[in-house]
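Across the two complexes that follow, subunit A remains constant while its partner is subunit B and subsequently subunit C.
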Partner chain A sequence: MTGKQTITVALMDAPFEASRTATIMRLIDCVVDKGCNVNVFAYEGAVYLPFALQKAHANSIHGRDVDEEDHPLPREWIAALMEKARVRGVQFDWVNCGLCVDERGAFEAIDRVRRGAPADFWTMATSSDNTLVVGTN
Partner chain B sequence: MKVLNIISSAYRATLEEQDDTIVWLSHMLAGAGAEIDILLRGPAANYIVKGQEAGPLSIGGRRQKHAPDVHGQVVSFAEKGGGVFVIEDDLKRRGLAKAPALAAVEFVSTRRLPRLFERYDFVWHW
Partner chain C sequence: MKSYLLVETRDPHEMRDVDWTCDVARALSRKAQVALLLTENGVFGARQGCGENLVRKLNGQGVAVFADRYALAERGIDARDLSDGVSVVDIDYLADALISGVCTAWR
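And then the complex of A and B:
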């Protein structure tokens, strides 16, 4: 611990399926801006948020090629947040639930994502100033 | 074969997808030859209201070029010949009955939905 405040966030939604994903990424961005440490525990479909093989695409309905469309990818948001945290000197720890990864075959994650277990979430929560659970429905 | 796509879960993942995925799918199915209309209900009734705009999104250092324009998607769908219906009771519940709206939209009451459904071979509720 660095003496800074720390928040733990648990996520459940798979990418591209819920507005909660963009909302929580924006909240985490604000937390990093405030100089706080961030722990993320990705549970169930959320283990696909940092999936390294996510790929942008063109969109004929929008009339834009792949470069112009510039489709956002959650793995890029997470990498950008990790880099921002590094530059600001705050900790950013992302743990994917290992059994959720196994069930889904979501093995290829971006760098600095680590495999863990629900016990990691407990450790994160009990060592943080607060914990935010973003459930699914 | 005529299809009515009913859309109720509004603004779901629109920032990530840069559009509403079911309006987008309706565009694509129409392009593939389907004779398709959409019915907006619940919070999706708001899609017909003019003047809405999503601001630019930036997360970490990652800036997004194109924000979603769900109203524009619906306008474009109507301009291509797709029918757009909205449940007027849902607009009233949200205080939107007199909001500036897409001109091409047809208002339908909940009570008259069975008659609307009778016009279609398939009614799909997304």
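And then the complex of A and C:
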């Protein structure tokens, strides 16, 4: 199935805490592969997913340096998805909830992340073909 | 007919609320086409020896049950160890459902 449909996803989980982060990135990757536009509205802790200051670390317990550990960083996944979307010619719009950013001091986001408000989620959802809300447990 | 996809991410042995998801699936199936996708720890409920009753009840009311291949592999669960009535799918299944306009609820 291919097309130019637009899918909106709302996320709430902070990075490094839940399997949902990886699952949703897999889903978004697949949707982009199918040629669809993607909107993401990051709410609450999810505004830290594209946080630009995330750093990989070594694993001294297992004797691995930073390169060997190759610690996954959500900001890199998001940047890669944005780049894949650009190459494929589909839109990828990521909006961080501004109130959530302010609460958490999560001001340093990677390029192409927009600051917005819950009203942006409404706009995204009403202009999309489908919307998935991934809440916290 | 309206179509619904419920996505269950939680281990039924850890969260009794998974029963509620199944109740919703059964209730919706009276008037709609319904499928349940198990992913993340939700796939633990698809194993033989613990998931048969759940799967049988759902299948019996026309609810198709799917398990995420990636989540199964992460947890060392072989497809041969799943209850009858569970089909293994990739994340494409969820993507296609969204693209097709299926009303999808994440638990």
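The rule is short, and it goes like this: the second predicted complex is superposed on the first by the 134 of 137 C-alpha atoms of A that agree within 3 Å, B and C clash if a C-alpha of one lies under 4 Å from a C-alpha of the other, contacts with A are read in each partner's own complex, and residues count from 1 in each chain.
One rule holds in what follows: a contact is a pair of C-beta atoms (placed from the backbone, for glycine too) under 8 Å apart; a residue touches a chain by one contact, two chains touch by 3 or more.
Keep in mind that what you see is a predicted model, and the values were worked out from it rather than measured.
Asks: Regarding the shared-chain residue A:T126, is it in contact with subunit B (first), subunit C (second), both, or neither?
Replies: neither
Asks: What is the contact status of A:C36 with respect to subunit B (first) and subunit C (second): first, second, both, or neither?
Replies: A:C36 sits against subunit C, while subunit B stays out of touch.
Asks: Please indicate which partner A:R26 is in contact with in the superposed arrangement: first for subunit B, second for subunit C, both, or neither.
Replies: After superposing on A, A:R26 lies in contact with both subunit B and subunit C.
Asks: With both structures superposed, pick whichever of subunit B and subunit C touches the larger number of subunit A residues.
Replies: B
Asks: List the residues of subunit A that touch subunit B in one complex and subunit C in the other.
Replies: 19, 26
Asks: Can you tell me which positions in subunit A touch subunit C when the two form their complex?
Replies: 1, 3, 5, 7, 19-20, 23, 26-27, 30-31, 34, 36, 129-130, 132-135, 137
Asks: Which residues, counting only subunit B, touch subunit A once they are in their complex?
Replies: 11-19, 24, 27-28, 31, 57-62, 64-66
Asks: Using the touch definition from the top, list the residues of subunit C that touch subunit A in their complex.
Replies: 9-10, 15, 39-41, 68, 70-71, 91-92, 94-96, 98-102, 104, 106
Asks: Going by the contact rule set out above, which residues of subunit A touch subunit B in the complex?
Replies: 15-19, 21-22, 25-26, 29, 32, 59, 61-62, 64, 68-72, 74, 76-77, 79-84
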